[in-house]
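Mind looking over this structure? Questions follow.
In order of appearance the chains are A, B, C and D, and numbering begins at 1 in each one.
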Amino acid sequence: MAKLRGTGIAAVNYPTGMNLGGDPSQALIHATTSGSFVVSLSSSDLGQGLRTVIGQIAAEALGVAADEIIIDTADTDTGPHCMGTFASRATHRVGNAVKAAALEARAALFAVAAEDLGVCADEIVTDGHGNLVVAGDPGRSIPIAEMATKAQFVYGRTIAGRGSYMKPKSPVDPETGAMDPDSTEAHACTVAEVEVDTETGQVAVLSIRSAYEVGRQVNPALVRGQIVGGAFMGMAHALYETTEPYYPSPEHKPKDFSEYVLPGPAELPEIDAVVLEIPSSNGPYGVKGVGEMTANSPIPAIVNAIYHACGVRIDDLPVTPEKILRGLGAR
Amino acid sequence: MASVIVNFELCGRDVEVLVQPMTTLQSVLRSQLGYTATKEGCRQGGCGSCTVLVDGEPMLSCLLPVEDVAGRRVVTLEGITPIDGLHPIQEAFLESNGFQCGYCTPGMVMVAKALLDHDPRPSREAIAGAISGNLCRCTGYQPIIDAIEKAADRLSGSGEQTGGR
Amino acid sequence: MPQALNVVGRSVVRSDGVGHVTGRTRFAGDLVFPGMLHLKMVRSPVHHARIRGVDLGEAERVPGFVRALTWRDVPHNVYTILSLIGVEPEEEFVLAQERVRYKGEPIVAVIAETEAAALEAVAKVRLDLEELPAVFDVEEALRPGAPVVTDWGNNTFMFEGHPSRRVRLGNVEAGFARSDYIVEAVYNSSPIEQAPTETTGCVAVPEANGRYTVYTNTQALYFSLDNTAIILQIPGKRLHFVGGTVGGGFGGKVDVIVEPIATLAAMKTGRPVRYVFSRSEEMQVSSTRSAWRIYMKDGVTRDGHILARKVTSYADSGAYSRQTPYALTKHAANVAGPYAIPNVSIDAYCVYTNRTPASAMRGFGVTMGSFAVEVQMDRIAERVGVDPWTIRFINAYHNGDLRPHRKIAEDATLIETMQAAAAFVGHQLSDEQKAMTSAPRASLEGVR
Amino acid sequence: MTVTDYFLPRSLSEALDLLGARGPSLMVMAGGTVAMPLVNDGISLPTQVMGLRHAGLDELREEDGELYIGATVTLTRLLRQQALPVLSEAARNTASWSVRNMATVGGNLFTPPPGGDIAVALLALDTSVALTGPAGTRLIPLGAFYTGFMTNALQDGELLTGLRVPRVAGDTAFIKFGRKASNTPSVVTVAVRVARHDGTVTDARIALGAAGPHPLRASAAERVLAGSALGPEAIEAAAAVAAEESQPFSDGVASEWYRRKMIRLFVARALDRIWQGGEDR
């Protein structure tokens, strides 16, 4: 029984946001009487942590702690329009909208704080710890929470903001394909190690190690979650998954998880990554989208590693043990 | 058709339900009793998201006629969640980001609970084996195994123990 | 000077985490309403057929049966998924009318007091179908004489007058002529299911004020609302969509398949209606990542520069195009890869077959393109006789480069990312590779 | 269909009475891991169902060197018993923990291929099944229980009540090969038992799962081994014959072509494991 090891790489780019643009997202923010902020959206959290990440962006812009943000999503009666959670767009698009709304709310807060502190609004800064401070005069400050309460009950003012972000829709030239397909691009390079059993054709993925460049990370733990989960999904795509096991024949279409073959926890390889942060020019705080791309580079990296291991190049996904055995037999 | 009355213990309290014959425990929990932590991912026994403990053993509530658990002790995720705070297993899942969408999480936590009750210090291989019937499409399992390992550390005393009962 | 950040960049604990680990997070399918009815679908048992008749007689006699819906009940019986962003044609029926074009296509919606009654009634609907020849292979589907899936005589989607989404830069034939090597391969993938743990579903509830609240796990709340309003021909203000908590999406919950019919059922019965896919529906009927066939031909110089790339891609859209045309455009924009190639010709076809319709999935249009490109890069490296890292450094795009879609690159970091990966795994790069950056080239000579 | 009656008999006689009274339209279910998915999806629409979970058929005991396994003994209990490690091994490689807590040994005999891994191990051990009807219990070899794809030797009014695993000579090996390491449908399941005397095979069993319409024995391959000196040559020959005589099928997990290759490989690997282990005890 021969077990052959090999290493493969792949390097990819991935666009952030809907191809060609034209995909708006909007946000509304208002302060509560106790100085927390409600962010109203109609954006869906698929599990990637949209609520958390969007809350962090709002908190950053407002100068408050993340747990002062209440995310109210998703309800079409209360949340303004969002195109949807797909196309690696949410952190970029919704993030930009929320940042804009937060800055407007911040300006409203500063205006009333200026009145309260007897200074010009542009003399006020946030200290990152929930306080409004007169620049150059740290002694003169007021907690944001207290200022928000006073805005309601003493000054009768609304601390609120609106935000919207849309990259205008661009056309495609039907002859040349000239188009503007992205807002920014993230990158990944993955190195996969595999072991091929030449008698069964089975592939064990030993490791998937990657470098990612995803602009600014809003929440590194959640970025890592996407990278690890995406690597596993990429491995599943590369080696196991198909709704048409004999494609293009429609026979033997799986109907449940016993027939639709997915790797399980016992197939988990070592998955690790290093992340570069090179801020984008148009994402909030320089973000790029990372949600979708994480399954992409592992697939060719694994397929290239299989070739390196046993000299069989399979160009037909998924790379099942049967295809490898047939490939070994044909050599 | 005549409905039938079934009594069983649910999370420490006695419940009595009136059901059509062979209604699943899953359906009773979710639709009649409001115990919606028990999820519905396939009703085929293939995803583990409806896992509950019956007399301490993990079982799939989608495959269990509720009549079969008459007189037995059923524990769902609601039953191990303290009123305030979290069970150490839940805390470990939270800290390790052992979930993304959260849909498989109740089943994962219930299997983890049963595993740690049987084997307080499982190897990573044993953890992977225990959760092999629980599908997670988001995380790639790594953070889930991390979370269960962390919970084992805490519950068996090498880490600080908080919350839970 | 970059501002110091206080919250962005920190791994704060997820704000919905406690809900998830306690199971208190509420998903759409967790909701139960008094008087709630259940909707199950009668689906085509064959891949392609003319519908001669539907007999509901026996189904109507099942205890608990409430009513059935056929295409005649649907005010505007076509899906309009991309019409909101201007992509035509409207071609997919909400409930099949004269023909079914894939196995599993919905024909009759059955509404009953319990799920069991709905399932029994579904089993008792009699379909009279005249089976038609079916086509499953993308290239076969494009040949003359192939069974026709669409209503317009061929199996091709038209992109502004062309049967493919085209990208043209330079002159590929001239590029091939100047090349030392030609590297050609064909890459295939079969369809993949998003397989979220929570299946697609919703509950539609009539409200006292004449509106309908729809609790749904859609990835796009307004998109679903607007499409539902069009299909039901009611003003959007009568709809209130609530969601935001999705038990895994991966693109599979963008299709607006369950909400319109569930809402119609609620309108017709005056009661809350639950329509949640079974796992087998999610597996067999919900849209997939499409299958791809990608022909790739590259002209390469002896020193490893790719001079020309010609790509012909076919996406197997299945019986309806849903969001696949969008993916073809995205595919065409990206299938040259993160490399500087002066002559590019891409034709990407959206092909109809008698298969479950494909639609969005994570990496839509790009995932299989990246697979093809990156396996192709290894083929080129082997042909040129350099290692896989080197071929990628030689061809990596820089800022300032003209991409095949004619946008100037401005966020290129492939080189830095590869350098980081090499360092991470301990691969030794050459001094030249280590010194490279994605900064604009000193002279465009380098890119020819 | 809406079930109108769900019976949970508390004894075998009660179960037999119900079966007699209700006839073949009474669906019989034990652990529910095969039947309930079909009911949940509306593929199976029974009106009357009998669950055997509380019918007292869950005895697991050793007597006179035999292991008696009640039909509703769960796979978890089979896994934990120590009398026959090969059965533990088979149970460990079947389904997931939660399913093993519910699925029964008897039910495994009714699981369509590629399921039925426990039955493969039982076949290699010359197991008999006890079929009990109004007239009493008859014992038939497990191999005779299967009559075709999803058909068996049960007669109207009979229940499968238990299994008798005799004390048999020889060494055993069990290998389940699937697409993944655990909780996997079988590509092929192999159980072998080889008795030897002074290096010569005196008795051999080769049982296969996912290699035909039901778990089956590769009898021709067994004959190749019998009387041979167990070693690479005999192993290769037996494996080749086993692959040839089996009737593998294509499904979503593996093609017929691949299954046949793997039958040959894993019969050889299982026999090799016995050969490498040396002659027993």
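Structure notes:
One rule holds in what follows: contacts are C-beta pairs under 8 Å (C-beta built on N, C-alpha and C of every residue); 3 or more make two chains touch, one makes a residue touch a chain.
Model, not experiment: these values are computed from the prediction.
Taken together, chain C and chain D share the touching chains A, B. For this structure, the chains sharing the highest number of C-beta contacts are A-C.
Chain A and chain D, compared by their mean Cα positions, are separated by 48 Å. Distance from the chain B centre to the chain C centre is 33 Å, each centre being the mean of its Cα atoms.
Separation between the centroids of chain A and chain B, computed from CA atoms only, is 29 Å. The set of chain B residues that touch two or more partner chains comprises 20, 42-44, 46-47, 97, 99-103, 128-129, 132, 135, 137-138. For chain A, residues touching at least two other chains, in rising order: 46-47, 49, 221-222, 230, 233, 245, 253-254, 256-258, 260, 262, 264, 266. Counting only residues that touch two or more partner chains, chain C has 13-14, 16, 114, 116, 195, 245-250, 278-280.
Chain contacts in this assembly form a complete graph, since each chain touches every other chain. Residues 46-49, 221-222, 224-225, 228-233, 256-258, 262, 264-266, 268, 271 of chain A are the ones touching chain B in the complex. Residue ranges on chain B touching chain D, taken from their complex, read 1-2, 4, 20-22, 24, 43-46, 48, 51, 54, 57-60, 62-65, 67-68, 70, 111, 114, 128-130, 132-134.
Note for the complex: chain B touches chain C at residues 20, 30-31, 34, 36-44, 46-47, 49, 76-78, 81, 86, 90-91, 93-95, 97-106, 109, 135-138. Residues 2-6, 8, 31-33, 36-37, 39-41, 49, 51, 53-54, 76, 95-99, 101-102, 182-183 of chain D are the ones that touch chain B when the two sit in their complex. Considering their complex, residues 2, 4-16, 47, 85, 103, 136-138, 140, 159-162, 165-169, 185-193, 195, 217-223, 225, 239-251, 253-254, 279-280, 283-284, 288, 291, 316, 326, 329-330, 332-334, 337-338, 346, 353-356, 360, 362-368, 370-371, 373-375, 377-379, 388-389, 392, 396-397, 404-407, 410-414, 416-418, 420-421, 423-425, 427 of chain C touch chain A.
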